[in-house]
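I've put the structures underneath this note.
Note that chain A is present in both complexes that follow, paired respectively with chain B and with chain C.
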Partner chain A sequence: MRTLRRIGLYVALGLAALTFIYPFLWMASSTFKPREEFGSLALIPDHFTLDNYRTMWARAPFGRALLNSTLVATTITLSVLVFGSMTAYAMARLRFRGRPALNAATLGVLLVPGQLTLIPLYTLIVQLGLIDTYPALILPYLFNATAILMMRQFFLQIPQSLIDAARMDGMSELRILFTIFWPLSKPVLSIVAIFTFMGSWNEVLWPLLVVRDEQLMTLPQLLTVFALGGGAGSVGVSLASAMVLVVPVVIAYMFLQRNFIESMAGAGIKG
Partner chain B sequence: MAAPYAVFLLAFAAYPIVFALVLVFLRWDLVTAPSIAGFDNIRLLANDGRFWRAVANTFVFLSIHVPLQIVTALGLALALNRKLVLRGFWRAAFFLPVVISGAVVAILWSNLYATDVGLINKLLVRIGLSPVSWLTDPNTAMPAIAVMVTWKNVGFYVIIYLAGLQYIPRSCQEAIEIEGASAWQRFRFLTLPSLLPQTILVITLSTINGFQLFIEPYVMTGGGPLRRTYSVVLYLYNNAFAYQKMGYAATIGVALALIIGAVVLIQRRVIGRAEAL
Partner chain C sequence: MPSVSFDHVRKTFGEMTVVEDFNLSVADGELLVLVGGSGSGKSTILRMVAGLEEVTSGTIRIDERDVTALAPRARDVAMVFQDYGLYPHMTVRENLSLGLRIRKIDPKEIDRRVTWAGGMLGLAPLLDRKPKALSGGQRQRVAMGRAMVREPKVFLFDEPLSNLDAGLRAQMRIEIGGLQRRLKTTTIYVTHDQVEAMTLGDRIVVLADGRIQQVGHPIALYRTPVNRFVAGFIGTPTMNFVEGSLQRENGQLTFAAEGVSVALSGNMSTDGRSEKVTLGIRPEDLRVDPAGDSAAGGLRGLVVLVERLGGTSHVHFDVGSRPHRLMASVTNDRLPDVGETIAVHVPPQHVHLFGADGQAFSRST
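Entry: the complex of A and B
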C-alpha cells in the first residue's frame, strides 16, 4: 500500500513535470523540422533542418538584438549593483540629512504600480529626445528600490567594529563598501544581480514604447514584432527566433538553478 | 553617496507620479502643445465601453486564474514537501517557465493552442475528443490565457508555499496525528489554516499580476475575439502608442492603480473577516 502510494506520487509528479518541460522540448524540436512536419507530436524530426534558423537570422537582426539585450541588461545590472549598493550603504551606515525621507520614499515607490508612471515616463523620454536610443532603455532602471532595500537590510547586519577599524586605517567610505562589505554580501549581491538581469532581459512593454528602430530592439521586443508582423512567415521560424532568447537563459538556469529560484522568488515577495 | 539616487527618485519616480495626475487634465498628442482638457478624460473614461470591457475581462481572468493558481501551487508544494528522490529536479522543472520571458511563453502557447496544428488539439484528437478553437472562440480565449499564465507562474507560488510549510511546527503535526486525524482532516484543520499568510500573498500577487496582463493578449489574440481578451494595459498601450492620446492613456493608468488598490484592500478585508469567523 505504502509503496503503491509512493509510485502514484512519482507518476503524478512525473506527469506534472512533463507538462512544464514538454512544451519547451516540443518548441526546440519544432525549430529543426521542415514546414510539412510541423504539428507532428514526435520530438525527433524525420528530416532534420536548420532552414528555420537561417531564415530567421536573414530576415531580422537577431544578432544585433542579442547584443542590445546583453548590453542593456548588463549595464542595468552593474548600475543596480554598484550605485545601488553605494546608496544602500549610505542609507544603512551613514548619517546625513534627508535619510529618513529617502527611506520613506524608497518604500513608497514599491507601492506605486508601474502602469501609473508608464505614460509620464514615456512622455519624459520623448521630450528628452531619447526615443530610439540606449539611454531610453536604461535610464529608468538605473536604480531599483527593491534591490536597495534588500542590500540595506543586509548591510545593517554587518558589525560596526569592521567599519570603525577600517576608518581608523584611513579607508574611504567607498573603499570600505567595495573591499569589506562587498565580499561579505555575496549572497544578497548575487540575488540582486540575477533578478535585475532577468527582469531586464525579459522586459517587453517598455522597449515596445520607446524603441521603433529594428536595430535597437531588444530580443523579446524583436521577437514579438517579428512574430506579430508576419515577418516569420512560419511557426518554425517564429519559434526558432524565440530560441535565441530562451537558450542562454536555460543554460544559465541549469548551472545556477538554486540562485535563480531564491532570487526570483525573493524579488517577487519583496517587490 | 546617496545623492545620485535622490536625483533619480525625483526624475523617474516623483516627477512621473505627479505628472500622471497632471496628464489626467490634459489633452496631448506629443506633437502639438498640450491643451487643458478639464474633466473630459475622466468623463470619457467613465463612459468608455472599451475600458470597462477590459476591466470586466480582467475579472473573468482573475476568477479563473486566482483559484486555479492557489490549487495548483498548493498541490505541487504539498507533493514536493516530502522526502523525494530528485527533489531539486522537480522543483527546478516547475520553476522553469518562471524564468522564461512572457513574450516567448505567449508565442509558444499560441502554437500549442493553435486550432489545426496545435499540440493540445493534436492530443485531444488522439484520445478521441474533438478539437477546440481555443483562442478564436470568444468563450474559451480568456480562460485559455488564464490557464497559460497559471502554468507560467505556478513555480513561483510553489516556492512561497514550500517556505510556509517549513514553519508548521513539528509538535503540532505530531499532536494531530496522535489524535488520529485523517489525512484530509490534517490538511483541513492544520496545514490549510497555517498557510493562510501564504495564501493571502498568492491572492494579492496573482491579482496584481492579472491587472497587469499585457503581452499575452498583445501576442496571442490582439485583444480579440470580440474584444474578449482586451486587457487594461493593452488598452492603455494602444491609447498612448497607436492613438497618441497621452492624457487619456495616463488617466487609464491612474484608474488602473486605483482599481488595483481597491481590489487588493477589499480582498484583505474579506479574508480578514472570514478568518475571524
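Entry: the complex of A and C
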C-alpha cells in the first residue's frame, strides 16, 4: 500500500515536472527540425538540420550581439559585485557620519519603480551624448540597491572578531573585504551575480531606447527587432535565436547552482 | 622602563563614559590582569591598546612611543580574542602565517616561526586542518600561536578562556601562564573571572564603572582590599558582610549589629567614624567550633545549610536577631548538622571594616 502510494506520488511529480520541461525541450529540438516538422510534438527531429541557425546567423549580426551582451552583462555583474560589496561592507561594518541616512537612502531606492526613472534616465543619457554607445547600456546598472542590501545583510552576520583579527594582522579594509569577507560570502555573492547577470542579459526595454545601431545591439534586443520585425521569416529561425539567448544563462546557472540553492535555502534559516 | 603606559585615558561612546581617567603603567615582561564585571570598561581599555577602539582623550604609549593615533598594524601588538577570530576558510598554517605574509617577512623565517609556535603549542599535526575541524582548546591554541608568531612587544588577551568548559579552562590557564613566563612578553589579560586573575596576574587591576578600584599584587588585593567592591570581588567564596555600627567601651572597640557583637583589634583606625559601617570577614578566616560555647569575640550561629565539597565544606549559618546569614569554610572532620548551634570565632586581625562610602578603614601597624 505504501509502495503504491509512493509510486503514485512519483508519477504525479513526474508529470508536473514534464509540463515545465516539455515546452523548453520542444523548443530546443524544434530548432533542429526542418520547416515541415514544426506541427509535430515529437522531441526527436526526423530529419536533423542546422539550417535554422545558419539562416539566423546570415540575416542578422547575432555573433556581434552575443559579444555585446556578454560584454555588457559581465561588466555590470563585476561592478555590482565589486563596488556593491564595498558599499555593503561600509554600510554593515564601518562607523561613519551619515551611515543611517545612507542605509535609509539605499532602502528608499527600492521603493521607486524602474519605470519611473526610465524617462529622466533617458533624458540624462541623451544630454550626455551617450546614445548609441556601450556606456549608455552599462552606466545606469553599475550599482544595484537590492544587491547592496542583500550583501549588507550577509556581512552583518560575520563575527566582529574576524575583522579585529584581520586589522591586527595588518590588513587594510579593502583587503579584509576581498580576502576575508568574499570567501565567506560565496552564497550571497553567487546569488547576486546570477540575478544581476540574468537581469542584464534579459533586459530589452532599455537597450531598445538607447541603441539603434545594429552593431551595438544586445542579444535580446536584436532578437526582438529581428523576430517581431519579421526578419526571421520562420518559426524555426525565431526559436533558434531564442536558444542563443537562453543557453548562456542555463550554463551559468548550472555552474552556480549549488551556491544558488544553498543561499535560497539559507535565506529562510539564518536569523 | 614601562612597556605600556596610560596617561589620563578616557573613552566615551556618545553620552556614555566607559573609561574615566585611566592612568597606569605596565612593566616590561609583566602579566597584568584587568578584571571587572561586564560594563566595567576592561575590554574597551584592551581594544584601545590594540588600536581597535579610538581613544577619546589621553595618551597610550608602547615602549615610550605614543601610539594613540596609530593603526593597529603599526603598534606591534598581537591579540587573542574570546571567540578566537580564526579565518574559517584558511588552514591553521595559513591562519598562523597570514600576519607575517602581509608584513612581507621572508618565507623561510615565516616557516621557522610557524614551526616554532606549532611545536610549542602542540599544533604540528593540525597545521593543514581548517578551524572547523579543531576542538575548542585547539582553536584557542591556534589563536595564541597566531599572536606568538608575530613576536610582538605586547600580547593582549580578551577573555580568551570564557568559551571553554571548566576543565579545559583550568588547563589552558596553566598553559597561558607557563607560556608567558617563558616568552617574557609584556601581557595585558582581560577577564571577568577573579580566579583567572588571581592565578595568572603579576598584578591585578580591579575595575568598576570605568574606574580603577585597586591595583596590586593578587595577595595584596586579597589581604587588604581598599573598598567593599574589591573585597567582594576578589576571593572565593565571597567575603561575608554585616552592616552595623562601632562602639568603644573602656578602650575596647566593638562592632555591633542586631544581636551581633564582635570585638575588634585596637589598631583599627576609625578616624572618629562610627555611624553605619560594614564588617567584612572571609569565610576561610572564621573559626567554627561545632560543639563549643561562644567564647570572647565569638558569635553563636544556627546552621542552616552545609555544602560538602570534600576537602573543605561551606557552613551557612544565621547570627543575631535580624538574622544575618554568614558562611564559613571549614576543613574540620567533624561538621555541624543543620539546625545545630555553633560557636564561631572571629579573629580580630582578619576583620575588614568599610565606611558608609564603601572605603576600607586602615590599620595602624
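As a convention for this text, the second predicted complex is superposed on the first by the 241 of 271 C-alpha atoms of A that agree within 3 Å, B and C clash if a C-alpha of one lies under 4 Å from a C-alpha of the other, contacts with A are read in each partner's own complex, and residues count from 1 in each chain.
Basically, contacts are C-beta pairs under 8 Å (C-beta built on N, C-alpha and C of every residue); 3 or more make two chains touch, one makes a residue touch a chain.
In this text, all values refer to a predicted model and were calculated from it rather than measured experimentally.
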Superposition on chain A - do chain B and chain C clash or fit: fit
Partner chain in contact with A:Pro23 - chain B first, chain C second, else both or neither: first
Between chain B and chain C, more extensive residue contact with chain A: B
Touching partner for A:Ile44 - first (chain B), second (chain C), both, neither: neither
Touched partner set for A:Leu209, first chain B, second chain C, both or neither: first
Chain B versus chain C as contact partner of A:Pro183, first or second or both or neither: second
Which superposed partner A:Leu4 touches (first chain B, second chain C, both, neither): neither
Partner chain(s) touched by A:Ala58 [first = chain B, second = chain C, both, neither]: neither
Which of chain B and chain C A:Leu223 touches, first, second, both or neither: first
Touched partner set for A:Val249, first chain B, second chain C, both or neither: first
Apex chain A: angle to the C-alpha centres of chain B and chain C, given in degrees as a multiple of 10: 100
CA minimum distance (chain B, chain C), superposed complexes, angstrom: 18
Residues of chain A at both interfaces, chain B in one complex, chain C in the other: none
Sites on chain A touched by chain C in the complex: 159, 161-162, 164-171, 175, 180, 183-184
Touching residues on chain A, where the partner in the complex is chain B: 9-10, 12-13, 16-17, 19-21, 23-24, 26-27, 30, 38-39, 41, 83-84, 86-87, 89-91, 94, 96, 98-99, 102, 105-106, 109, 112-124, 126, 139-140, 142-143, 148, 173-174, 198, 201-202, 204-205, 208-209, 219-221, 223-224, 227-228, 235, 238-239, 242, 245-246, 249-250, 253, 257-258, 260-261, 264-265, 268-269
Touching residues (chain side chain C, partner chain A) in the complex: 47, 50-52, 71-73, 77-79, 81-89, 98-99, 102-103, 146
Touch list for chain B against partner chain A, complex: 1-2, 4-6, 8-9, 11-17, 19-20, 23, 28, 30, 76, 79-80, 82, 84-85, 88-104, 107-109, 111-112, 114, 116-119, 122-123, 126, 151, 155-156, 159-160, 163, 201, 205, 208, 211-212, 214-215, 218-219, 232-233, 236-237, 240-241, 246, 249-250, 253-254, 256-257, 260
